[in-house]
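Both complexes shown next keep subunit A, but they swap its partner, so subunit B is in the first and subunit C is in the second.
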Partner chain A sequence: MSKKTENLIDIRGLKKYYPIHSGVFRKHTADVKAVDGIDLTIRKGECLGLVGESGCGKTTMGKTILRLHDSTDGRVYFDQSPEKIEELEAKVAAGDLDAATKKELSQADILSYKGLSLKELRKSIQIVFQDPSNSLNPRMLVKNIIAEPLMIQGILKGKELEDRVVELLETVGLSRQHLRRYPHEFSGGQRQRIAVARALATNPKFILMDEPTSALDVSVQAQILNLLKKLQDEYELTYLFVTHHLLVVKYISQRVAVMYLGEIVELSETEDLFARPLHPYTRALLSAIPDPNPENGTEKIILTGDVPNPLNPPTGCRFHPRCPYATEVCRTKEPVLESAGEDHQVACHRWKEMA
Partner chain B sequence: MSAETNASRTGNQHPRLQEFLFSAKRFLKNPLTIVGLTIIMAFAIVAIFAPVIAPPEKPDDPFQIPHDGWMMEPQPPSLEHPMGTLPQQYDIFYGLVWGTRNAFKIGLLIVLANLVIGVLLGAIAGYFGGVVDEVIMRVTDMFYAMPFLVVAMAIVVVIGKGLTSIVLVLIVLGWRTYTRVIRAEILLIRDKDYIQAARASGASHMSIIMRHILPNSIFSVLIVASMNIGTTMLSAAALSFLGLGSDIGYADWGAMVSEARNWIVGPANARLQYWFVVFIPGFVITLFVLGWNLLGDAARDVFDPKQRRR
Partner chain C sequence: MDALLKTEDLKTNFYTFEGVVKALNGVNVMVRPGETYGLVGESGCGKSVTVRSMMRIVQEPGRIESGRIALFFDEKDKERGVDIVQQSDAYMQKLRGNDISMIFQEASTSLNPVFSIEEQIGESFEFHRLDEMLRETVEELDAEIQQGKAGFLGWKKFQRSQLARELASHTAYDNAVEELDAQIIRLESTDLQGNASAVAALNKKREGMKPFSLSTRILRRVPILRRYRNRLSKTIRTHIVELLRSLGLPNPENVVDRYPHELSGGMQQRIVIAIALACNPKLLIADEPTSNLDVTIQAQILDLIRKLKEDTIESVIFITHDLGVVAELCDRVSVMYAGDVAETAAVKDIFAKQYHPYTEGLIASVPKRDQKGELKPIHGTVPNLVTPPTGCRFHPRCPKAMDICSQVKPETIEIAPEHFVACHLYTSEDKA
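Right, the complex of A and B next:
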């Protein structure tokens, strides 16, 4: 991959806190920090894998970008020139925004979109959910399910609409005869195809893949992955592929971001990450991939303890209570993402010593 | 793939029609359903053809039962009065026939009004949650706390007695059940992924409620409603019997029983002498309620998604 590809999505300081209210007066007492200050860029036409264990905030982050959850703080730029983003970011960092900047920001930052501009944005960003038996309305015909985004956006009507739906069905490997069926008449893999067809309906630029294969049979997973890969090439789509399945990520993404407790701890090109994992957490994750050859005797890194409570994350490096290499500095100072080679970033104080 | 799994698929019918036929078939399988359906159909026919079955003397006021003199003692069935007469010689047969129209009006109107109010409030509470939910449900709780008879008497005091007050009482106190039922149902599906998918496509709250939420949650409410038509009739009759209903001589089943109140038990030597004044209208009310209950059961069997085929 060339290094200077354009960014489609630029996430700056994204935060999502869930407030906790307690007592008779529902006083705001604490926050669950599901996503805590994420900076991430997603390049045009790439598939960025986002991995991490359950509850680390992967899905929350994705859904916040899609405006399914409201963000607490941060900005997300969609399809903006880098110069403009830098200019706005500089102003935000300086604080004290004047009215003109605020207006400009509200046009560039999709987290502040409202009403019509938000509806317009919905055409360009779409989502495929984890469990297709949950993401398709059981009382709607496949025809109407796929046509829904087109109808809401008022893009097509009548005969043209039906033709487009058939075209979409064929794109995902189904056919006209499936138009007038209910979701429960399909197998899991077929249902996920329908969900993909719906996501493609409005010709989006970006699709959030929220663990699209983890509810499926292993044999079907491969089919869906291949379909997604094919579609990405054909329609020049950009994916954010959220999953906890590392081999899936290895197969489909060009870059991988590793998330731990609401923060990105490592970001790298896929090959580089699997060959040269730098963060201790990434190493532990990778060592958990089963090796088919028992004689290799690969050493497993077993992490002790559980993911800490995001209500009260550890000070310093969030991974330090479980990290076998933690020292004093890890307990007190929070590491930031720093460059560790070409297109490889890691947030760890001691990566150089361990490399 | 599973293209041929549905062997039962008949021809090229639209799936919605298929679904309907499937439901209808199940609906008619149960013999009790047929009984219920027959009863209600019979009542419907009586209601529709009331002017033919019992031609009114004063066509501009057909619900006024004609009476034959002022004698207080009810008369047993005779050729002239096939079901006997009430005190003051009101014809029972005529009252029952025209009362059927009122019975349908009461049952359907009240339940429909309850459904509309209850579903609207419940849907808003369940879908939006938070403060809105809190306010609506606490108001509902307040209505749950109101004693039936006290509200009934209060309304009668304010707007006077008559069928209108009874309908009003039952509407004021009837919607609360539906609100709770549909809210609970909506809470179950509100966070399903297909709701989020619709939102991700830019659907408005209104269209999400109409296209996704209600079609998936309304059936439990419809079942409750179909079972409630009969109960509502009973409550209306009870209120009429207590004297909150129409004036004497109005064709309303409950009111007719009420008018016969003093004649329920006959003189010491013939306790059952006036059996017809209570038994005949009472039996008709029972039959009507039974019919709706049987239909309600059938509706539950057909619509309850948990009992349906997969």
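Right, the complex of A and C next:
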């Protein structure tokens, strides 16, 4: 990719805990650590794939960035200069913030946006949900579904609004004749196109794709993936593509982050990750993909057991109970993301020995 | 050609308010002994309806309209097979679970949330392997009584005599039923006039028969006394634990007492497999058993099915929409589209060379590990089967459609050895 590596979103120490209350007084007894300390940057114009098994916190993380969930801790900078981010981060790390810094931080960190600034932010960040049969209101006409964000933001009115809706429908491969229909009259693929049109309505810079193709058939999945690719080039969009399907990620994204139990275990350029997976979990994931080519007889690494409960995650490296290479240090010490080559980071104690 | 199960021109319709949904449009598939047979296609292509028809469990308002489903399980029926479309419900009930078993798509919905795992798997044992279980329990009790353990008030002796009585009446019932079935099949295979009414009479008689004697049926309802069966439950429980252990479930003694919601998706799917395997079926039908599971868990389940196929089950029918799973697990595969079988071949052959444009499109539209360039999707969507396209049902989406495609349904031909395709591209050229 010859694009500039300028960051659009910079996530620092993002945490999302769901408290558990029990007893007569609903005392706060424990936390489900859905997202536990994530540092991640999303570059301008890229598609970053986020993969992991169900329950590993990938959707929660995406929705927390979009402010659909409230975060527990951490900061998310949207479209800020790197110098400013570093300056603010240094102040946060030093602790003891004065009033001026707090104000500055609340302007830069989208997790502290409120009211009008939050509404303004929503123009530039949008989402496409997993199952279009649930994410489109069955009692609204398609034209109202797509026009809704434009009306809420007060961007367009009347004739202009309708023209814009038609234009959007045409960009996603539908036409004017679909305006006055209800979602149930469409097939799954068409519904997902409507959801994409709605996300595009306010000319966003960033769209979160939350498993947009997992409810679709394979032939339709290919149509939607090609559409998303085309739109990304045309409108210079940035995607965070959440999915559990690794071959889809390989097809659409330039970089991939692998998540396990609320933490990122590996982050790399897509080609590099598939050619040289370093974390044992990534290796197992890659080897478990059924490859639609009977000639490629790859050896399987079959993990035992299930994803542990995030209520009390394993100590040390969270993957150690399922890891075939775990040693004593993995049980006690938590690994951190470290650089393992150009644009390749991994959180594992033993990646060097195994590489 | 050797076959274990064969459908001939199978048609299943659904009578809905919108009209008649012609879900299966004359399906011909054949499963051979010792193979894993894949059925692929998009949703709404009739994969599930095909296998549900094979089990005769098509839900209302669906009905098997015409066609034959021949089973070749018995040595005697090697010639024509038993046509299960014609058999009575009682016959089917015996067949399901015993000879053919099915794993359903979503484990969480196919398990009953209000019964424990023991009760759910135990049902299968109680229904299909009762004789075996009773015999084993009686033998155990005999041994204990000989050692001089009669229990309180000779309770064990009472248990033993009652279980033995139950066994005797159940065996008698089984023998009678088997005899009747043989009679029915014999009558059916000789196409004489007046046979139909005789078969109907026999079927009615068969349905009227009860598996236990009157005294047993009464005793099973008497409080306290009916606890003689607890001993049977104990035997069944040990069998369940053994079965679960062989399926690789961690600490099965503990798992049997739990309820489905306490288990993870992968464990639930293993329980569903255990229910299907309780009676050592010859044919296992797996209807998308892994499509709701994570890849690592999917790999575990696929590995399990592969092992079972090697050890206990003769053939597996595996339904999926994931071509990757087909490539990995199956020996032969049929591609279905809108109620028709488009192409059938060995897995290696079909991935190497696709003759039907739908198969070609399907393979071109999935991302591969060594994907180069754009994916090529198939345009449009699966048609509504109330008003299916005329001729070849794929022609509105087909990039190579010709005039004849919208008029005539293509014949299935063997285009290469063991490679069958139904497409005018190959038949009309011969004619021209």
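What we mean here is this: the second predicted complex is superposed on the first by the 347 of 355 C-alpha atoms of A that agree within 3 Å, B and C clash if a C-alpha of one lies under 4 Å from a C-alpha of the other, contacts with A are read in each partner's own complex, and residues count from 1 in each chain.
Operating definition for what follows: a contact is a pair of C-beta atoms (placed from the backbone, for glycine too) under 8 Å apart; a residue touches a chain by one contact, two chains touch by 3 or more.
In this text the structure is predicted, and so the values were computed from the model without any measurement.
Trainee: Following the superposition defined at the top, how do subunit B and subunit C come out on subunit A, clash or fit?
Mentor: fit
Trainee: Between subunit B and subunit C, whom does A:335 touch in the aligned arrangement: first, second, both, or neither?
Mentor: Touch partners of A:335: none, neither subunit B nor subunit C.
Trainee: Classify the contacts of A:221 with the two partner chains as first (subunit B alone), second (subunit C alone), both, or neither.
Mentor: It touches subunit C, and subunit B stays clear.
Trainee: With the C-alpha centre of subunit A at the apex, what angle separates the C-alpha centres of subunit B and subunit C, reported to the nearest 10°?
Mentor: Between the subunit B and subunit C centres, as viewed from subunit A, the angle is 70 degrees.
Trainee: For A:118 in the superposed arrangement: first (subunit B), second (subunit C), both or neither?
Mentor: In the superposition, A:118 touches subunit B alone.
Trainee: What is the contact status of A:141 with respect to subunit B (first) and subunit C (second): first, second, both, or neither?
Mentor: In the superposed model, A:141 contacts subunit B only, not subunit C.
Trainee: Tell me the contact category for A:316 with respect to subunit B and subunit C: first, second, both or neither.
Mentor: A:316: touches no partner chain.
Trainee: Let me test your reading of the model: by the given contact rule, A:187 touches which partner, first (subunit B), second (subunit C), both or neither?
Mentor: In the superposition, A:187 touches subunit B and subunit C alike.
Trainee: Output check: A:53 vs subunit B and subunit C. Expected answer is one of first, second, both, neither. What do you get?
Mentor: Only subunit C; A:53 stays clear of subunit B.
Trainee: With the two complexes superposed on chain A, say which partner A:246 touches: subunit B (first), subunit C (second), both, or neither.
Mentor: second
Trainee: Just how close are subunit B and subunit C at their nearest CA atoms in the overlay, in Å?
Mentor: In the combined three-chain model, subunit B comes within 5 Å of subunit C at the C-alpha level.
Trainee: Does any part of subunit A touch subunit B in one structure and subunit C in the other, and if so which residues?
Mentor: After superposing on chain A, subunit A residues 187, 190 contact both subunit B and subunit C.
Trainee: Considering only the defined contacts, which subunit A positions touch subunit B in the complex?
Mentor: By the definition above, subunit A touches subunit B via 63, 66, 68, 118-119, 122-123, 125-127, 129-131, 134-141, 148-149, 152-153, 177-178, 180-182, 184-187, 190, 195, 198, 202.
Trainee: Using the touch definition up top, name the residues of subunit A that touch subunit C in the complex.
Mentor: That would be residues 53-54, 187-190, 217-223, 225-226, 244, 246-248, 250-251, 274, 284-285, 287-296, 300, 302-307 of subunit A.
Trainee: So in the complex, the part of subunit C that touches subunit A is made up of which residues?
Mentor: Of all residues in subunit C, those touching subunit A are 42-43, 250, 264-267, 294-300, 302-303, 321-329, 347-348, 351, 361-371, 374-379, 381-382.
Trainee: If you look only at subunit B, which of its residues touch subunit A in the complex?
Mentor: Contacts found on subunit B: 1-3, 5-6, 14-16, 192-194, 196-203, 207, 211-212, 215-216, 310.
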